[in-house]
Amino acid sequence: MNRTGSFFASLLHPIVAIVVGFLAGAIAIAASGAPVLETYGEMWKGAFGSFYFFTSTLARATPIILIGLGICLAFRAGFFNMGAEGQMVLGAIAAALTALYLPGPGIVKLLGALLAGIAAGGIWSVLAAWMEVKFKIDLLISTLLMNYIATLFAGYLVTEPFKDNTGSAAMAQSMMIDKSAWLPKLFHGMTLHAGFLIAIILVIVLAFLFRRTIFGYEVNMLGQNPFFAAYGGVNRGKVMLLSMFASGALTGLAGTVEVLGAQYRYIDGALTVPSYAWTGLMATLLANSNPVGTALASILLAALQTGAMGMERNTEVPLEVSGVIQAVLILFVSAKFSYAFLKRRKERKTDGASV
Amino acid sequence: ADNSSAQPAGEQKAKKKIALVLPEKIGVNPFFQQMDEGVKKAGKDFGVDVKTIESTDQAAIEQNLRAVVAENYDLIITSSFESEDALKKVATENPDKPFTIIDTTVDLPNVRNVVFREQEAAYLVGAAAGLATKTNTVGIVVAMDIPNLKKWSVGYEEGVKATNPNAKVLVNYVGSFTDPAKAKELAILQHSQGADFINGASAVGDLGVFEAAKEKGFYTSGQDVDRTAIDPEHIVLSQLKGTDAVAYDTVKQFVEGTYKQGTYDYGLKEDGVGVTYVTRETKTPLNAFIGEDIINKVKAIKDEIVSGKRTVTNPLKQ
Amino acid sequence: MEHLFDLSLLNSTIRMVTPILLAALGGSLCARVGLFNVGLEGQILVGAFAAVLGNHMTGSVTLGVLFAIVCVLLFSLLFAYLTINLRANEIVVGIASNFLATGLTTYLLRIVFDVKGAFYDKDMQGLPQWSIPVLKNIPVLGDMISGHSPLVFLAFILVVVLQFFYFRTVTGFRLLATGESLVAAQSMGIKTRRMQYGAVLVCGIFCGLAGAQLSLGQVTMFSEGMTAGRGFIALVAMMLGQSNPLGIMGASLLFGFMDAFSIRLQGLSMPTHFTLMMPYVMTVIAMFFFKDKNLLKGKTGASGSTR
Amino acid sequence: MTVLLEMDRITKQYGTFTANDQVSFSLHEGEIHAIVGENGAGKTTLMRILYGMEQATSGTIRIRGKECQFQNPAAAIQSGIGMVHQHFMLFPSRTVAENIVIGKEPKKGIWFDRRAAAKAVNELSEKYRMSVDANKKVGDCPVGTQQRVEILKVLYNGADIIILDEPTAVLTPLEVGELLVTLKSLAAQGKSIILITHKLHEVMEVADRITVLRSGKITGTMNKADTNVEEISRLMVGRDLVGIKRRERQPGKPILQAEGLFVRGEAGKPLLDNVSFHVNSGEIVGIAGVSGNGQSELIQALTGLLPVDRGTVTLEGKNMTNNTPRSIREAGLAHIPEDRYLWGAAKNSSVKENAMMGHYRKPAFQKAGFLDHKRLNQQVSEWVKSFAVKTESIHERAQNLSGGNLQKVIVAREIGQETPFLIAAEPTRGVDIGAMEFIHQQIMQKRDKGEAVLLISSELTEIMTLSDRILVMYEGKIVGELDTQTATEEEISLLMAGGGH
């Protein structure tokens, strides 16, 4: 097959998958007794139907993009970082507390909080990397476990020492950050905040980093074959720790911008309940660790969520069904559908798989 | 204070639309379920369109609130502390739109607040437990160690100590709202440590506590609605919270034009919270473990609270 | 506190650990053929739901358990087809199937039982509680292992069965070989796809059992999200135990005991958050002592080629 | 002679690239049929098709006159075909016996009868006189033994047709000798053997017939008796080989000095034991030795990949002991690694990404940490051209390159470092004779420019052709130093076998 052919083939894959996914979703909708097209229409409206909904989708995508980028960086370097949740939460709590207790004008608080969030996520992540490099402790397990530790620790902080006693005091949450330290909203009356711009800038930075810089090249090679990288003079330990720090820093930043741009305080569970970390992980994997692809996949996944909310608001389809439809769509997007169709006994099999 | 509710012209043209925006999925939470039922029932009784919207997570609350404002619902009811921040923003930006928030206060002119003093009812359950225990040990299984649930656990402990200063109160946390298996094990453990009455305050975990009671033969109590019917032999009390009535009334007043802003505080006195047998009758016969005597004593305590002679600490205002 | 451990705590630990152990054993099968199954959580949840549903429909606990197995088998077939045939990324499929399980069970809870949140029927019979005649009279051990559901015993038997399967049988040998090098196994004519399917499906059976133990053994009800993260703990136990059945049992028990220990500590002055943290912290510490010897192996996988 | 196997007009296309073009090939019963050809000529591809690992675009395969189509290796094995791959297909954590019997295990009911497996393997190894330790882990066996395991595996499966893809590339001369004897005896016992190799003297020693492939096409099939090395190489390369010219040696000051290097081993025995030597500018020092006697560790110690416990490494007068690989490289070292897939390449990355390793930090290719892709592309394309690397583009995945072509990329990269010191470990492993000559010329040129080369090779001939001085390693020690002018192969072999003392 020639190059243009394989280009179309690679395009066909997600398209076929999405079509099949929507068909499966249609069955779920029909089973719940709702009109399929109308329901999908509401879903579309909920995600992109108006400027407000469109920006809401982007707002929801913001932490997912940042987490996706963080995980993508770790993957590229050959680390299976499953600790995005813990890193995000620690970033969020660090940012919230810094913004609350750092003296000085708003801008100082804001910058301090951003730095604190980045540092907290990065350090937590680098701790896992360090344990792997130094003690050969599998990063996959340690990061998974460290998620629980981080969320419980953050939960403790806002239940005991830094609890918000100003309002009803019924929630495990920090006090509200002073308005001067908020990340500005991009449009009046909409939830989209400057964190989205940060995320988009970082998408570009990362794409550029991987393509054009020494560091990006070293990260890639380290991930592809650490022995080769070491042989070629890549400072393995340093690039490892640096990339894991950056990975955690990005996920920490995800939590940070949620705090500074959306919630204005740390609320226990507000970042874990929406499964941002898992969604970000999926986005990265769907995009094969490509930064721009990760951003697009994040927006797609966020749109599925906001779309489902719209579907629930405006149709009789219950929330449970929209959950099912979401999951089904993701499953089929993930499947290499067209790939299987096209391949069919043909010779396009790649080396490893055909053997 | 409010006049947007009295619009006789509008009544003719179109049915009123009322939205209930819940901060979470209804899921295992009877509290949200009651609210949903209360609003739906009122919708039917008074001929208004009601729509319940469950939010999947914190970030969704604000979006849902904004969406229902945009879709021009006449009254928007929401609930709980999780919605506080979002409601503050949305209500400030839409000063002409009436809102109600149940279970917490948002200090804005267009928001009606409804709050409950659950600790008072918990105190009564504790008082009964303190009186009834034969082993001088009672327990409570709490879903999570979060401030809000202190209303249940602290009130309960206070009640126990009030009637039985020597009694030991065991407190364990499940760490989740949705883990009946662990809640059950915790109850079994408390029982093995001598507790003969264990209060369930672990959301759906309570069902696990009930099972443990049935298996091991101790006594227990449930939350929010009357649970005694499930297993009268072991579930001997229930702590009640009239969310459904509050939700129902809110809709009713809105339709009838008597709706007012302000803060409505429901405790024992207002009959917004209560305990079976003490403040409300139930079809289930009273278990001998509690007995008439104790109920009478607890009723007396209730009267003291109502009259203000006895105060129950609000653990959130310490 | 008088005694931080007592018999009832140990007894409860064994019960609590069972779903985790079963799922971890199932997960090890997948890991052994090179598929990292993060969908255990969802599979247990489907199992838990199906067990209650089957029991409710037929009035028989046994049929309930069988129904759970069948349903999770079907559910894991989806995982198998997507990852093996369509070569979708197994982690994405795992996560999405967790979401799907949550959605499906809550949806069906509404459709079938017309309830939200939880289904509880006080007349429903759970799994019986067995005590083994001779063993139950042994002083300490007897108390620990008495009064458990048959699935608890089965789980521990399966540890041994799986240990023999992996290291003594021909099929087990081929399965491990498939996981060690898919290419080499294929080149020797091993039907690797069949191996992978087998592993995923048997993992489904194990998760079905885990779910049934959760919803019919530990309690007798189903509630939304009642797995409460057990699938992920199973994943950790599986990795810590290096996919060895005995190791997995050790890891699960370690976790269980730490969990039990933390419950005891709740009575003391330590904040709850820290006691809840304990099992995880201890597991991290345990990793310093039980290292995965094969850790670097995966990373050398970069080398080698057929050319 | 009966024709056992026929491959008829086999064509294989990868996209627009034709790897095999109307290739027809036949194999007689009991013959050893050698296939030779340049790197990337399509030898491996043809064999992968025969073994069911790939499907031909067109063409047919017949065995004993019956048309066959192999969808997978299992089907090929069924039909009596066995293949020993260029890179071994073994399970390192499993025993020799387990590796051999997999797919056809002796069993008792459902149980794997490991004792019977060991017995069967021992019998087999006796029958074909290939000694292996059935219960040893394959990962712990030397390469030669792993090779034998691969062959025994094929024999165990009862193959009549045995394909060996460059089986000698990784063997020591001694092992090569043993293997060739084995092959002959297998043929004598009625097995038919297809042997792919780049070493024409091996071909001349064992083959009955020889097929030459060039750019995916057959350029000739002949009987050994009717041909000679020159003719074959001309058919392969399309030109005559010129041989290497050796100029008078101009040794200068020492570039690399190793002093008393010592590396502790796991079980008491040191991996490197007091190794001292030096390499002067303008000379090539060869290290001979049976693999596994410390050569790999020596390379790693010199390049900073393995810390030494004692001793010093000095490069151009600077002490580089236990420095990072990067600082050592920057101080003037280039390194062709012995295992191209482990150390030398990232197989899923592009040719370009592989070729730029070690270069990307040079001011020519980057500014302030930003890569200059234009320059890099230019440079890599140039190497691809000058080393005649067969690849569709420099963005092709390294994995898709034939083994020899990837080796050329690595050699080009390292020669291109233009450092005063080069470690060349098995620099021509798996490359064709034309390329080998070219690489030898490059190494020689380096020496003639007054740079220093340390050559490690298991090919004695390679050591003898290139080196000025020869060091012999045995059990982590240097057991002898010889001058190439005066040394004989026998002398070296004796030292290599530990017979020096």
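As written, the chains take the letters A, B, C and D, and residue 1 is the first residue of each chain.
Note that a contact is a pair of C-beta atoms (placed from the backbone, for glycine too) under 8 Å apart; a residue touches a chain by one contact, two chains touch by 3 or more.
Not measured: the values here are computed from a predicted model.
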**Item:** Shared interface partners, meaning chains that touch chain B and chain C
**Value:** A
**Request:** Please state whether A-C or A-B has more C-beta contact pairs across its interface.
**Result:** A-C
**Prompt:** Roughly how far is chain B from chain D, going centre to centre by Cα mean, in whole Å?
**Reply:** 76
**Item:** Inter-chain centre distance, chain A versus chain C - centres from mean C-alpha coordinates, in Å
**Value:** 27
**Request:** Could you tell me the distance, in whole angstrom, between the mean C-alpha positions of chain A and chain B?
**Result:** 36
**Fill in**
Between the Cα centroids of chain C and chain D the separation in whole angstrom comes to 46
**Message:** Residues of chain C that contact two or more other chains, please.
**Reply:** 106, 183, 186-187, 271, 273, 276, 300, 302-303, 305-307
**Prompt:** Which positions in chain B touch two or more other chains at once?
**Reply:** 25, 145
**Sites on chain A at which at least two other chains make contact** = 159, 224-225, 227-228, 351-352, 355
**Every chain pair in contact, whichever chains are involved** = A-B, A-C, A-D, B-C, C-D
**Prompt:** For chain A, which residues count as touching chain C in their complex?
**Reply:** 32, 78, 135-138, 140-142, 144-146, 148-149, 152-153, 155-156, 159-160, 224-228, 275, 278, 281-282, 285-286, 318, 320-324, 326-328, 330-331, 334-337, 339-340, 351-353, 355
**Message:** Can you tell me which positions in chain A touch chain D when the two form their complex?
**Reply:** 1-3, 6, 212-215, 217, 220-221, 224-225, 227-235, 345, 347, 349, 351-352, 354-355
**Request:** Provide the residue numbers of chain C that touch chain A in the complex, in ascending order.
**Result:** 78, 82, 85-89, 91-93, 95-100, 102-104, 106-107, 110, 182-183, 186-187, 232, 235-236, 239-240, 271, 273-274, 276-277, 280-281, 283-284, 287-288, 291-292, 295-296, 299-300, 302-303, 305-307
**Prompt:** Touching chain D in the complex: which residues of chain C?
**Reply:** 168-174, 177, 180-181, 183-191, 294, 297, 300, 302-307
**Request:** Quick one: which bits of chain A touch chain B in the complex? Just the residue numbers, please.
**Result:** 52, 56, 59-60, 159, 163, 167-172, 176, 189, 191, 258, 262-265, 267-270, 273-274, 305-306, 308-310, 312-313, 319
